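Lettered A, B, C and D in written order, each chain numbered from 1.
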């Protein structure tokens, strides 16, 4: 009793969990270091490469880490929005591809158009295409009662193979040789910010994250989305919410955000459409969104975390020669450590037990 | 299609469907207990490498299957530790398990066989024709002249069905997946049930991986699971969390994939990329025509005990 | 925080010898594939060993990482970057402009510039000979080809293979399938099984790790009365399945890389594109010694004849030209 | 007296800042029905959840037959012979009744689930207790009352030494309550112990041998039945003198106004696909209370949903006003979102109301004000302003929900058992509110802020209740709902016996 009161006064409710969280991260670092050392790599150098690869200089941070984070922010927002509405959209990957196709198509089809028209046009097309790609899951959900988890997974595979066909067929570069499209018109590319590779897609993603956060929190629409996600039954019984409409809207908008991610990726980074355009952004996005607790602003941090991890891991390959397979294993370890730390913290703060 | 072609097509369907079935049956149990393990892919690839190494070391593919099962279980164990032990989010931990499984198997493979890998030829699981049954026309050789791991899938489906719907343990497991609170109130050990279900799923996913390496490919290659873990999760939904239907759904997906290869041979001028999309489109069409709604276990992906304040 | 860490960055000062040649390799698949990427990595190690170069490798996972990798190597002062696949070509052109001091060699690249070169392996020549072998071995008069992704270099080897088979037997039917992946073993196995089932009795592949699936299918279909053959590609795969492989159309990638690096040091790396072919010994068709006794001597003789003809330029093997500006390209 | 079967000694338990139990003690003896009483939020449920191992107490100890129970384990509690019927359901909707009953028992201890044994024993229980159950039916399709019967059977099935029932009677009809009390008496006659929670004092006092009263987490009274009476208990619970419950104003009578809702030959299909409501004709006018009595599961849910415009009828026509308040039957999935805080739960009803928004944005300040008005107006005991609905006690959830729905200033109010789970004071308060509301008293309509409607236009009220006394006390016009048919109760039958006859008569028809 007394100890309890004392501890509460000293605020040590934070200290225990913080320590546990730190221990989790430290354990992961030690484990990774031990593994690397065993395999004959320099663990300290690897750690340094990891950090400097992500943060080494402002230019590096902007050109690599933030560029990597951008599609994860947009797809992370897509997933967060859908999950908030109780829509299990696992299909951000496919929707991203749909968006990329549309953006590239616009960027190629109107070479003479001015930038103020072409770029927004391409981005809008990307968003619309991403939204349209959800229509099959939406239709099956509403008409046949098929859950979206399976349909969106299947549509991802369909998207990937369709893109493969497009770059071998209708959208193939004019020479008809390689499986890729021609680069899009300059007017369809996102402007660069500063001297590095950072493009305007990043601030757009940040603004969208803020906007989505604000809308979810303050707008009637956002409230309806949250209510339907938290309890569709209670929302319906309140008599003020059309759950079907809310679900439909959130699904489409989620698809649009993911589509925009694809558009931004081609307009800001690759400039052409390729097979394997996405290294699984749409799947990583699920982890991003959940790590962020489905909070759009926290999605920025979670996406940044993955951006840092991947940028740093690539540097570990280049500078220390740690093979890519190690990199995946270490990424997994870091994710687990962060999750564990997060659990310790929350558990501690919420108070033990709790029914 | 003539008889020989039909038979070959059926054989391919079963070959492609069997590993899916093994993994999906395990996932069915796990999901029925309320745990979605998208780290299944990690257990499959772990099983493939475990199977390969086990078979190489002992020279016996049977021992390889056991080693594969152990590897799959180990990866599922890490998942269980975080997702159930620490109550962390199942999807995030599953993502890490997939990433980690692919990474660790690569690390082990490269430590054993060198950075540039090796052309591995493994002792394979022989086909065991079942006397009598394998002589049936067309379906006989396809269904009943396979490696024993395939028969394991056949046997598991009804066994798991019986377990789920006819035994006390199965009832308790379903209760844990539907209403962990109610299950707890009834004195059922929710976490223990979930951990066991996840480990069982990892065990079967490991066998699925070992089957890929030892009964299907005769080799190990990095990333050879090629997304089958995710397909298996979709197959569980297609099979409505019912082991018998899950087996059928796996074979259905196997058949759709096998048909795709036949179609490439027949329609040489249809772009092959579109044919590759065919199994997925066919599955979507099947779902559209699949009458009636199916419902996931109510507590799927919900941690227990519920996190307060979230 | 960011500033404090920048010391470790870039690897710019981490090079022990400031003037050592710095060579990097980019692959878009794992170098443990015992195939296309492994060959490149071996080449990189050979360069390190023979030329004392400082080397680095990165496996990229998506087009977005291409620019980033070039950017990283360019900004840390690498001299020579092998980008092992056509997919790098656009990013290479961009990086070439940004880092004029860096030379980029794109394997099978289709575009070139001042400091972006294309290294073209004329695997078609080996594949043509492999096709002859297939045409001579087939009894069913059906041969099959299992590809990963239909990219021009892969399609080129298939066209040459077809031509080679028809030289021996004009009536040979040729089947073709792609699995959409370079390393899905199971898919390759089923694609091969489907072709065997349609009567093919000699199969060639152009995949990577997935080739084991083709060999496995062939091995299972193989019978002593009804022999079924496989043909290896990209590397000498003869000892992977000695019982069923007739031979391999192979590229000696390490040797090619070493040659490029040596000429780069010597300063006489040809501008634009350069082919490495049968003539340089970089590409060849290697008959499997273990199968030699089962192959008709007269077939072997015809293959040798053709090899000489190709070397001497008397025989031109069909190929797909993918270099921009090259005659005969679209 | 013999040694107690259950002894709880100064148990304490906090939820964050809330001290749910401060110093709660309780002794219950073999052979007695022991009533546990207290206001909403007093800690009754928490104390019982500690007893059956679902909650770990912060302090104090629990003894069962003189043996200390290890804290926080449902299995140990069950092994010690404690069974509980929870305030909310703990049934699995997708399972059948028999499977639910078998869950967690050692029935068919081997591999096979001996469902036939369960069926047999259920049939036996059915015979002994006189309670019909369909052992093979899936629970999802059962009415709330039937679910409660299953919960009770499930507890009885385990043959507990100590049976805890947390407000079991709220969803039972009068005959079922009599039946339940009969069963409880026969249990204690066999030497068992029953712990019973409830808010209707006269009902509880009918069956209890001893009572314990909790106030704000502390035991304030423990006495034998003979030593207490209802007013004394109420005083102990509240801690001060109270007005006796109910009858503060004559409810029935007054001028009915314009028509606000009309149903014409309405039929509604239930979730199981069968017709739950048949050929119902009904008109509701402003300023009247239409009372609909009947046993749970006769179509109340569906009829309420249709009346309130939440569900389209399968046949016939329904004319409903735009603003309809609904207090649904199914509290556990009905009106509140468990994870939302007070303002958010208020916003479910008001987020698109003009007074609570600025353009497309929600005016959260206004929303919090409304939430505050509801909380003060209905005396909802909340742990804090950010408290989620989940953290409220059962009765306080109900108060929040009722308060919100009344605050909408509706044209029509549809309420299913609105008094359920409310303590005496709250129930009396709500009764008065309903009467005021129908009289068009502005003080009630004000709660919702500017509804945009003249505050004096009273709504029409449709009150569904399983409590016939409640209906008779409040309703201007009375109906019974039997198997989906709405039967008007003529003036001469306006008494419990008459209504009971009507319900039976039509059931036979």
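Convention: a contact is a pair of C-beta atoms (placed from the backbone, for glycine too) under 8 Å apart; a residue touches a chain by one contact, two chains touch by 3 or more.
In this text, all values refer to a predicted model and were calculated from it rather than measured experimentally.
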Chain whose mean Cα position lies farthest from subunit B: D
Distance from the mean Cα position of subunit D to that of subunit A, given in whole angstrom: 45
Separation of mean Cα positions, subunit B and subunit A [Å, integer]: 27
Intercentroid distance (Cα basis), subunit C paired with subunit B, Å: 34
Numbers and ranges of subunit B residues touching at least 2 other chains: 106, 109-110, 115, 222, 273, 276, 310
Residue numbers of subunit C (touch at least two other chains): 30-32, 150, 180
Residue numbers of subunit A (touch at least two other chains): 161, 164, 168, 323-325, 351, 354-355
Listing of all chain pairs that touch each other, if any do: A-B, A-C, A-D, B-C, B-D
For the subunit A and subunit D complex, residues of the former touching the latter: 1, 218-221, 223-224, 226-227, 230-231, 233-241, 351, 353-355
Contact set on subunit C toward subunit B in their complex: 30-34, 38, 41-42, 150, 175-181, 183-187, 189-191, 193-195, 197-198, 209-210, 212-213, 215-216, 219, 237, 239-241
Sites on subunit A touched by subunit C in the complex: 48-49, 51-53, 55-61, 63-64, 67-68, 71, 161, 164, 168, 175-180, 183, 197, 265, 269-272, 274-279, 311, 314-315, 317-319, 321, 323-325
Residue ranges of subunit A in contact with subunit B within the complex: 35, 39, 136, 140, 143-147, 149-151, 153-155, 157-158, 161-162, 164-165, 168-169, 283-284, 286-287, 290-291, 293, 323-333, 335-336, 339-340, 342-344, 346-347, 350-351, 354-355
Residues on subunit C engaged by subunit A in the complex (per definition of touch): 1-2, 5-11, 14, 24, 28, 30-32, 56-59, 61-69, 71-73, 75, 86-87, 89-90, 110, 149-152, 180, 320, 322, 324, 329-330
